[in-house]
Each structure stands twice: as structure tokens, then as C-alpha cells.
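One chain, subunit A, links the two complexes that follow: it is found with subunit B in the first and with subunit C in the second.
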Partner chain A sequence: MTETSPAAVVENLRVAFDGNEVVHGVSLEVRPGECVALVGESGSGKTLTGRSLLGLVPPPGVVSSDRLEIDGTDVRDLSDRQWRTLRGATVGLVSQDALVSLDPLRTVGREVSEALEVQRSRTGPRLNRAEARHAVASELDHVGMPDPANRSRQYAHELSGGLRQRALVAAATITHPKLLIADEPTTALDRNVQVQVLQVLRELKEEGTALLLISHDLAVVATIADRVVVMRNGELVETGATDEVLQAPQHDYTRAMLKALPSAASRGRRLSDQPVLDLPVAEVPDPERVLVEVTSVTQTFRTPDGGRMTAVDDISLTLQAGRTLGVVGESGSGKTTLGRVVLGLQQPDTGEVRLDGEPWSGVPERQRRPRRHLIQAVYQDPLSSFTPRATVIDVLAEALALSGVLRSARRGRSAQLLEWVGLSPDLLDRRPVTMSGGQRQRLAIARALAREPKVLVCDEPVSALDVSVQAQVLDVFSDVQDQLGLAMLFISHDLGVIQHISDDVMVMNKGQVVEQGSADQVLCDPQDPYTRSLLEALPQPGISPDNHADPVPDQADPVPDQEEQQ
Partner chain B sequence: MTVASPDLLVADRPRRRFKVPVGALVAGTVVLVLVVAALFPGLVAPFDPTATDTSSSLLPPSAQHLFGTDLLGRDVFSRVVHGARYSLGLGLSATLLAVTTAIVLGLLSGLAPRWVDEVVMRLLEILLAFPEILLALIVIALLGSGTANVLIAITVAAIPIYARMVRVTTLQVRTSGYVEAATALGQRRSVVVLRHILPNVLGPLMVLATIGIGNAIIAGSALSFLGLGPVPPTPEWGLMLADSRDLLGRAWWVGVFPGLMITVTVISTVVLGRFIQGRIDGSGR
Partner chain C sequence: MLLRRLLIRLMGALVVVWGAATLAFAVLKLVPGDPVDVMLGVNSTASEDVRQQIRNDLGLDQPVISQYLGYLGRLVTGDLGTSYRLQKPVATVITEQLGPTITLALASIVIALVLAIVVSVAARGPITRRIAELLELLALSSPGFWTGLLLLTIFSFNLHWFPVTGGQGARALVLPAVTMALPIAGILSQLLRSGFDAAEREPFTTSARARGLGPVRMFTRHHARHGSLPVVTLTAYIMGSLLGGTVIVEQLFGRRGIGRITLDAITNRDLPVVMALVVMAAVVFVVVNLIVDALYPLLDARLRGRSV
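The block that comes next holds the complex of A and B.
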């Protein structure tokens, strides 16, 4: 296979918008049967590079290059009409969100057969219905869709995320393109489903398709790519065989990116280069003191068809000062509902929540309010947790006012809070809309700290962030907990994040706890089959960024997470 | 009309980076002139609007009497200028009253227990089932005619639509991330409502209200036309229109100019309202 001509050649690719160059001279090559991964954070230009190979750079983008070839054809000066004959037939696209990419008013089968019909209308006799149906069914079967004949009669919204993504892959592969561009094909999917979709892509690759995988997720890349191209700010940073790049990265950026990946191996280690935060040592609660006690809580919701859905089923947990309980589960497992119950925003049907020894659930909000400062929240989307049009100082001053800080002192205290979480006080008069995702999340943490809590409930607080920003925010959480001795409930779907930050772990599935215990116990020696399947689904890139970290954390001493740094 | 030299007024408006469409610019200028006329009619109008002079009855438009004179020799232009106060005043105050009541009802409906919501909404739906003007007539029938009663009638007729709007936005805002965040922060319920819910309900409501002013003006003029509002010789546009009914064949200017004013006023407020709406929607959060 190695001597075949490349399916795609890109040399010195530049993309500019209104004279503003955003991709600066990228070169890469994809051979048949090979998977090249284009890796980078948002704004790195990886998607634009992929779009250039489809002739789909949005206007007013201007593409220029020394060479841009697909399957031996120079595509630099193709007309729209010529591009149309290439797309589908020679180069296909699988995009991120299948629900958006599939037409809601057409069946999956129609969607998949369309590409084939378009190709046939150019090259040969029209397909008759039976042939088309047969071709669709066999392609759906090919990408691992169970019961393809029936599935092809369903609509996109009737399929699960994984099946939808497979339909999208089938729509791209039914014409057997030489080159398949997959732009974040698994990002929106749960881990288990991710693995299945990756398997489909891997099989296509083995059958000889050239695969250009665009992803921010190094773990995904490690499992499938033969070669990796790392991009940053529109520039090619490093390229090489996957193993070499991931095991022995040459470039600082790649190294930092790998080091920023949270995993079991990164526990107790800082993920980013930011300095350790300097928070005032307040009254630290006695270590291990039980701050939250949840006893057999059950929460159900009425469903539209009149039935009841159990979101949280007989769950008990404790949160101790200075310790982090990581709750992990797939979407719909009840994690968020559990968080809301702990926060006292949702009254459980049965069971009890106690906060710092006193009843927390089942009492009127009026009684909870004076103690709300004890337990604070950080959400996945910080922006939506700030009142529209409020400025940073508005956000912080509200919390400070509730903590009894006098009006005259609020500005000074707000500036101080920003510094605690590593933000510049210059931001005080900015609006959160104008800040980056990482800054917003730090602001949300600062607001929570303004109330001097003892417990922090974090619901997917880093899920929307790029790897390097996620690393910084995770370090903020570690520092805050370390120095203030908070108890944390940390909810995430990302097992790597959970492995990195948790002392104790709880695995949830369909509202129930399937396994609960110390992080080492649950994650290194899982007893439950579901936990095992989750862990197996976690791609194991075998990354060793520092070249010395061992994959299994120090078994003897899991608790003092951050001691090395102190 | 006095809109002839708007340059100075336009220049007074704050300069903005974006381009204002011509329509909105004209509408804004008209509204501005109307507001001046309503506040300081003496500045614009050359004659006393109620001073009769039988010797100059039904004179056609001329340099002295821009819009001509009516049967009693009153200057139609001066009457139209003074009339701006009644029409605009009625439209604005009715809308303001309606919006205020609607905020109370809408918030109550959106935040109180379900049964309160049910009761309030059913009542509003009954009111909504009647056309606005018919509803206003029912109120007049109950209260009797007169300027104050016309105001109440228009207000009552406008409340249901605004209240529904407030209720719907309240329901959306109530479950928003920032309201939950404020609750989790330990904020008092009343402060959450005033600081986090109310301001975010107000935005869309204000836009609807700007457009609603036009409706209120029409309703006010219509009721006056029917003789249910202000009594002669008040220079109210609807009333002037009613007075001109028998004269249209002989002296078209007596009726056409007040009618034109109603039309221009309503179109201008609606155009301006739509423009503001577009600005708010476009700028996002």
C-alpha cells in the first residue's frame, strides 16, 4: 500500500478572510488506507484545512496553495460544477452533529441513498428503487447499523446519537470515496458509542479509504490515526507517526497539550503551567468532616405520556471536607439531577439530604436560604448563569452583598476574588459575553468563593473547554480545594477528568449507582461490568508526557492529591 | 407640516456607528416633532385652537392658514398641533398603564402557584376573545363616556396581550441558568424577581409596547370620533374628524388633515417600534 499515489496532497495551504490569514502554509498528505489526524484546539485552523479539501471554505475565505490535489487531480482552480462531481464520489465528509446534518423530514434511507443517486445521475444508468434500497441497506449494515432495512425507514430524531452518526458515515461512504474527511465525528457522543463509531472508521480505513480525521481529542486520535498533524493558530506545529508524536513529542506545544490531558496518570500532578493560586487560608474545616449526607434519595419526573421516569434511584453518598467525589455516567444517567438535589434546588421524592449535620432537603426554602452560602455551584455553561447584561463587578458584588460585605468594600473584594482565581482585576467592568470560556468559568468559581462555601457542586464545569484551558481550570479547582479544604461533588461524563480529580468515585447508569468507592478501588479494580465497559471504552493512548509517569497512580497514598506541589 | 426642515433635529440625535434606515429616521423625526407639539403647542401653532372667527369660516389652505379653517373659522393647523397632546397623551398613558398592570398580572401568573396562573390566564383569555375596540366599548358602556373613561377603556383593552407576553417570558426566564444561579447563591426571592427576572422580561415587552402605542392612538381617536371621549371644542383628532363629516364635500381640509395626522402618527410609532425591536434582537445579549 505504501507506494500507491496519495489520496490527498496539500502543500503550503493558506486561507485568508478579508486579507486576514488564518491558515499559514499547512502541508500534509493522506495515503489510501491511512488515517491522518489533524489535531488542534479551537481556532487552530484544522477545520478550515479540512474544508479546503472539499472546496467548502465559507466566503469570503480565499484559499491559496502550492499544491492541492485529491486523488491526483489538481483542485486549486475547480469550478463549482467540477467540485460537485468530486464531492461524494471522490471525497466525502462526516461532520460532528448528525442531528443537524441529517434532514429531519426525510428518512435515514433517503438521506443515505441521495449521495448514490447524485453520483449515478452523472456516471451511469439510474438506480431503480429496489437497487437503491438494497445498496442503502447493505451500506448501513456495513457501518454496523443493526436491522438496517427497518432503520432506513426511520427519521433522524428516532435514532440514538450513535446510530445517527453511523447513518451519516454511511451517507458519506456509500459512494466509496477515496478520501473521507471526518470533522470531530465522535465529539458529541458518549464514550461507549464513540468507540463503536471509531471502529466503523477503522474498518473503512482498513478497506483502503484514506481518512483525514479532524479532532481536538488526543485520546480518540491515539486509537485510530497512523500519523498526527498538530496545528496551532493556523500553523503546523508538529507532524509524525502517532506513536512518536504521542510518546516523544518534539515540540513544546505538543508536550504541553499532552501534559494537559487529565487521566489516571495525571492525578496529583498539575496539568497546566500556571502558578499555584494563592488563596487566603481561611477557617479550614476539619479534614474528612462529613459536610453533606445524602441518604437513599429518589427523584422521579412526570413524562409527557403520563408515566414516571426515575432520574435518581435510591442513591446515598457523603461529601467530606477536603475530598472530591467524582460522579461519572453517560448522558441521561441522572448526574445533573443528583447535583440539583444536593444543591437543594430539587426536592427529592423520598430520602434525605443533610448539610453540615442539619436537614437540607424537606425544609422550606426560607429556612435553607441563610445556609445556602455553605454550598455553592459551578455549572457547565457559566455564561448562562450570569444575568444578561451584568458586568463582572455586578456578578461578584451580588454574591458579596449576600455575604454581608459593605457596598464600599465590594469593588476591592471583587478585584481580590478575581486575583484568587487567576484573573486580572482589569476585567471588573467587562461583560462576561466578551470573555473567553476559561475566563467565564474562573469568574463562576470566584462568585462561588465569594460566599465562602464549604461545599462546591460542579456540574460538567470543564466540558465545554479546550484541553489547555480545561487543564488550567482543573488546576484552579485543585488549588481551591487544597487551600480552602472544600468538599467537592464533581460531575462529569469524562472519565479522564474524573480519574484526575477525584478521591472517591461514583459510577451512575440510568439513575442508579453501579459502583461507588475510592478512586483507586473503582477505577483500578472495577467490579461492575458497566464500570469495566466504561473503562475499556476509554482510549488508552499510552501517553507518557513526562516520560516517567506510570499509568497507575500511587496506590498507597491517594488522598493528599497535591502534596508534590505544596 | 413642520417636518419640512428636519435637518437640525436629526443632527441632535446621538451619532451612531451603524446606519439607520431612512424609514426609521423619518419616523423618529416625526415622533420627535409630535412630542414637541404635544409638550409646547404654543411654539408651533400660530393661533388659539379654540378661538372662533365666523368671518373666516371654511377658508381653504393658504399661507396664513396652512391647513385652512373650519366651520367656526378656527385654524385647523393650530387645532391639529394642539390635538397632538390628546392623541399622544392618551396613547402613551394608556400603554403605560396597561404595561404596568400587565407586568403585575404576568409576573403573578408566571411565578405564583399553578391555580393562580390558571385563574388569571382564563380571565385574560376571556378578555382576549373580544376585539380590542369592542372591549373598550363595553368598558365605556359600564363607566359612561368622558376622557378619563376612554383612557381606562383603552388600557383595559390592551392589558391581556401584554400580560400574556410577560407571563410567557417569565416562564422562560424563571428556569434560566441565571435565576437558578441566583437562588443557589442564596438570594432572596423578591430580589431574584426584581433584579434577575424583571429586567429580562421588560426588554421584549417594551418593544411590543412601542408598537402598541399606535393601536392605542387609533382606539382613542375612534372612541372620540364616536363622541364617547373629550367633548367639543377640544381639538382632539378623532373629534375633529367627526365634526368634519358633513363638510367633506365643501371643505376637504377640515377632515383630511386630522385624519392624516392620525395615520402619520400611528405609522411613525410602529416603524420606530419595529426598528428598535430589530436593534434589540440583532444585538443579542
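The block that comes next holds the complex of A and C.
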């Protein structure tokens, strides 16, 4: 075996469940020191492809292929017992969300040492406690965990998201596997933390680990992958060097996917191919009219240990008709609380909220209720905001009834609302559970519009959606706002989305406003170091990934050549 | 901080016991008829003077509120009153019977746990799972008096392995304990299995599998603990209810115990005994609750450092 013999070879991989094929002939190769990214939306078969390389396709899945090799071993007909000697030792897995991917009842140290214990129990003398402790500490240190000795005695829930994810990486790399499969390893993390975890993976790659990175996020892929494999509906769509695929995509699907990415560059242009929606409206509020005025609002909460934490600290903002204020910040920055205060669901400790010129905070709910229709909300997970047994017509009719629409007119009006948001009226008798994520979010928007609001508060409304669906829903928001002249408060952790949709931007950190102003001003000429760090952490696909100065760029180049020689 | 939390817990426990004691007292006052009649029996020929004397002795002629306060006061000092019928202190009556009940309850729980663990662990395969489901259903749905009679018929009358009724030794304990354990084992085994199944579906299982763990290690290192969490709670509550006595099994096997005296006290309207049993049941459940609460954070680190 030579240095560059591939760590994994997959040829014509097919996975079927009960005779129903879901992965149709995927081929790829990962070499030591190389990162191959498997990119696709949900249902593309990328995770199953990764699992096939671990022998962990869930039953009753059937895997077949022309070649399936890990580190030179043909693994097509391995028994589970034989697979177990490979797993952990030769091929490792880093999955999404370490909070649930590490056993919550065991300490981080025990989870990290597990693979080594198992490997040693097969190959050599048992791992004693001192050795285990030493190995765990040095591996945690290797993935950049501060204070590894103490951290290893803690539990997953006691660590921050980034540290947890590092622990999960360490649990896979402690045996120095040749091949590491990273399945959405940074998806649940804030951007800043994503960058750190990606750096850890990049270092592993540079040390010679073959990395198969599975991701839906082209931005993540751009910063680390040498080659990209694009998948869609179980089929391989396009493959090639990262720069080529991202900058000169050959396939329509890849092109559409790249076009669908929201960013500063995509402002004012449509992200999807769907036609512009047509919303015939009688009355549009005067443009720029101030609809919501928040003055020096502070909101604190009691913490479980008896203290108080300030979720929103002295924040002022205005929402104007026809304009979108984007609120961006990491998890825990107070964005959602701010949204609840604006919606009048949370009584602020100090400060005032005015809606359309009249007091909104500090008045009894009885007074607020007749005006609630003016301000409506769209959330990340619309399904949990629909009654599970309700049909689409039930959902919309309830909102229409509150607006005083007569029973006889509700069905017709509901059909019209569905058309507004680009849904077919045929869906009226469907249940939201049977609809796709994008359809559900459109329904949530339709329900909000049923009350004829002037203000829309959107809390992470596209965060759970695939890129192409996200593009469509963002276009719906743009069309709705253009034609109805709504004021929007758009909350997101995703700076790309905020850049795309906002007229004004507010950056939050730990309950405080870090920077506030027009989108151009804040995002093109950030004054605050925190905003700058957020912007720097934002990878720009389509632009060369070189801004993340790869210390050994030469390593990536020879690989495709050798591939051709074979 | 910890001390404060403990104090709050204890206060809550006391309130529950006080509530149970008050309810028991209210029941006594609501029951129609003269307690003195009950005490003396239906055929008593005692004169009105004697009856008045007894009322005086028991404080029954005083206003209800001072009776109540006196009752609470005695309760605090551990004085549970005197049984009308047995003319013995209630505390003595109960402690005499507590031994056999505790022995039976512990034996049943241990047998049930062993059975449940064996069955649920054995049921990890597709065929054994079906068999386990069937056995659990059978154990759960068979009434105690029927199982007991069946066991007696087979093992006592035909095989003569165990005594039919009464007896004190370990041999006398086996059949009643098994009779009580079977339905409990059915519930616990179901709970354990669903706990293991739930752990199987968790993402950490995939991670652990990717580290090369086989089914045995997977079970001992990860799933056993996850599956046992809910079982701890349920076992404790079952233990609590068993200590309150199990009338049918004690009656069937002619055993002494709390269930027996509960039945006697209720049929004979021996109200001080009934009241004391109500308070005792409350105390048992409160104590069980406290133990479970204390145990949980040891098993599940996520619950440590959480407020009440």
C-alpha cells in the first residue's frame, strides 16, 4: 500500500429499503489528508452514503455496490462482528449535535475514551485508568479543549455547544482512524463556533486523516473541502474540485443551489425561480410610516439558581412600513425575547413599546386584544403552532373568524390566501403534518396575513429549511412585504439571510445592541469588533475559500492527478 | 443552597402528612354513630354513666377543635391512640404487624425486579421479544387471588413443596411473594424494555456503535442505565403501596400483616387504627418520594443543581 492509496472507495453504491431504492449508484473516493464534501438537501441520500461506510445503514436497509473499500479492505460482505473491528479503529463518525450524540448520563471523559477501550480490548492489554485519563486529556487538548482534565469529568450538558462538539470529535479521533465521517458536524452551532470546529477538522485533515464531510451547507463546504460531491434525490449530480464546482458549476441543480444562497450579494434579487406572487391589496400603509416604536426596553428573567439575567438590555428600535429590520445574534443573545416584547407577549421590566402610535406595552391585555391583528408572528417550527388535528382550512378559518369574516366566506377567502403565498387551494383539506416544511411555512405566513397585519415578527422562519426551500420562502417574504407594505422584524442567527432580506440591521450580543443602522452601513462598514468577527466568520461560497488561508494548499493539488493515473 | 432545598422538601413532606392526618380526623367525625357504642360492642349493657365516663376519658365531650388539636399533639409525640376493639395502643398493633408486611413487600419487589431484568434483557431479540410481550401480558392480567390459588394448588397441595397457610419461615414466604411479584414484574419488564428501546433510538447510540461497540457493551455501558431510570421511580411507588398492605394475598395465604389489620379495623369500625393507617400510608409515600428525589440526581447528572 502506498501513501496515497485511498482511505475509502465507493463505486456504484445503492441503498434500498424494502425494495425501494433511495441511493442510486453513488461513487466517490477519499484519500488520506483529503476532505471530500458530500453536499445535498434533506432526502438526498448523503447521510445513508456515509452510514454505508460505517456498516450502519439502519435495518431493513440493503446496501449493494461494485466496490466498497475502507483502507484497502473490501467491506461488502463483512459480518457485524468484523465491522466492529473497523468501526472506531479505522473509520470514525462525528455527528450533529453533541448534546444528544454523547451519552448524557456519562462523563465526557468516559465517552472520549470508549473507542480506545474497545479497540484495546481486542488488540492488546486492557486500557488502565491512568492510561485512559492520559489519552483522553491529550486528545481533548488536541482538539483544542481548554482545561481537558477538568472538562473530561463534566457531562455533555455542562459544556458549551462548541466544546461539546470538540469532545465528540475527540471521541472519534482518539484511535486515530484513517477515515473520519463528519455528518453535519457544525450544523447546530453558531457561526463563530462553527469556524472553530471546522478549524479542528481542517487540522485533522492536514495530519493525514481522510475526511468525508456530509453537509447541506455550501458555505461550510467551501472553507474546508478539497473536492465536492453534490447529491440530489439519491443521485450523484456533480463532482469535482471545490473551487470548480462552487465557481463554475456544470449542473443546473448545483447552479440553482448556489443561486439560492442568501448573502449580501443577493440583496434585491430573487433567490428562487418561482414567479412573483400577486397579492391584490386595497390599502397599503404610507411608506416609512413608523408602526412600532420600542424605547429603552429592558427585560430580565429569574434564573434557576435564584439570580437574575438580563435578556434584553436597554434596547430601542423602530419598525417602519415597507422596511425590514434584521436582528442577528448568536443563540442566547436575547433576539427571541426582543421579538416577544415587540409582540406584546412579554411585559418589559422597563421601557415602552408603542404600536401604530398607541401604547402597546403596559396596557391590560383586554385593551391589547382588539389590536393584536395589527402585529402577527411567524416562527421557526410552524407545525407546532398548528393544532395537530386541524386541517389547512381550520387553521386559516380560525384566523379569519377572529377578523370577523363570515362563515360562508371563509373557505373562499382561505383559498385566496393560499394563492397569495404560492400554495394550491387543493391543499385546503390537507393536514399540515402531511405537508412539506416549505408548504407549512407558507401556511404560517398565510395565517398571519389572514388577520391583515401591518407588522410581521419573524423568528428564525427559514432556519429549519433546506437551501432551495429557504430561497422560496424568503422570496415569499419579499413579495409579501413589497406588495402589502408591511413592517418586518426579521430575527435570524444566519447572517447571510439577514444580509439578503434586511433594510436595517441590529446586531445583538448578550442582550445588548452591539451595532444598529442601515444594512449597508452595518454590514459593509462595521464599526464594532463583534460585528466584524461575525462577518469574518461568514464564509462566502462562490468566492475563493482562500480568505481562510490554508497553510498547506499544495497538498490538495496532487490528489486529482493521481486519481486520473489509476 | 443545598440545605435550603432540603428544608423546603421536608416542609412539603410535613404538609402532606398533616393533610392526611387532618383528613383522617375529619372522616372520624363524619362517620355517623357514637364511637362509644362501637367500642363497647352492640350487646353492651353499660349504663349511661359508664358511657359518659368513657367519653370523658377519651375527650369526646370536648369541642371538635380542641379534640383536633389534642389529636395532632398526640400524633406529633408518636401517640396514635388506643384501638377500640383490641384495647391496645395503636402503635403497638401496627408495629406488631409491620414485620411480616415489610418482609413480604421486600421479597416481592426483589423477585419482581429480578424477573423483570431477566425478561427484558432476554427480550432484545426479535423472537424472544414476542415471548416476553406475551409473558408480561399474562403476568399483568392475572388477578392475584387466581395466581395465588394456582400456585397453592400446584406447589402446596400437589407437590407439597411449600406450606399451605401461615407459617413464619422463608418457605412460607415464597408463594405469597411470587404471587405479588408476578404482575409487578410484568409492569417493570415492559417499562425496562421500552426504556432500552428508547435509548436504542437516541443519536448517542449511533455514535457509540460507530466506536465499535457490540451489543453487550452497548447494553452495559449505555442502555442499561437509560432504561433503569423510569424503573427506579415506579419501583419506589410500588414499594410504598405494598407497605400499605396487600389484603388479598395476606388473606389468601393466611398471613399476618398490615393488610389484615386494615381489613379488620375497617369492618369493625376500629377508627383509631384506621386513622393511624391513613397517616402511616402518607408517611410511607412521602418518605419514598424523598428517597426517589435524592436518588435521581445520582443516576442522571442532568438533574444535578436544578432547583426544586
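Note that the second predicted complex is superposed on the first by the 538 of 566 C-alpha atoms of A that agree within 3 Å, B and C clash if a C-alpha of one lies under 4 Å from a C-alpha of the other, contacts with A are read in each partner's own complex, and residues count from 1 in each chain.
Going forward, a contact is a pair of C-beta atoms (placed from the backbone, for glycine too) under 8 Å apart; a residue touches a chain by one contact, two chains touch by 3 or more.
Since we're looking at a predicted model, the values are computed, not measured.
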item	value
Touching partner for A:103 - first (subunit B), second (subunit C), both, neither	second
Subunit B versus subunit C as contact partner of A:54, first or second or both or neither	second
First, second, both or neither for A:379, with subunit B first and subunit C second	first
Subunit B versus subunit C as contact partner of A:398, first or second or both or neither	first
Subunit B versus subunit C as contact partner of A:89, first or second or both or neither	second
Greater residue coverage of subunit A in the superposed arrangement, subunit B or subunit C	C
Partner chain(s) touched by A:428 [first = subunit B, second = subunit C, both, neither]	neither
Contacts of A:114 with subunit B and subunit C, given as first, second, both or neither	second
Touched partner set for A:157, first subunit B, second subunit C, both or neither	second
Contact residues common to both interfaces of subunit A (with subunit B and with subunit C)	none
Subunit B contact footprint on subunit A (complex, rising order)	343, 345, 365, 369-373, 376-377, 379, 381, 384-389, 398-399, 402, 433, 447, 451
Residues on subunit C engaged by subunit A in the complex (per definition of touch)	1, 202-204, 206-214, 217, 221-222, 225-226, 299-302, 305-307
Residue ranges of subunit A in contact with subunit C within the complex	54, 56, 80-81, 84-89, 91-93, 95-97, 100-107, 114-115, 118-119, 155, 157-158, 168, 171-172, 181, 304-306
Residue ranges of subunit B touching subunit A (in the complex, touch as defined)	176-178, 180-189, 195-196, 199-200, 285
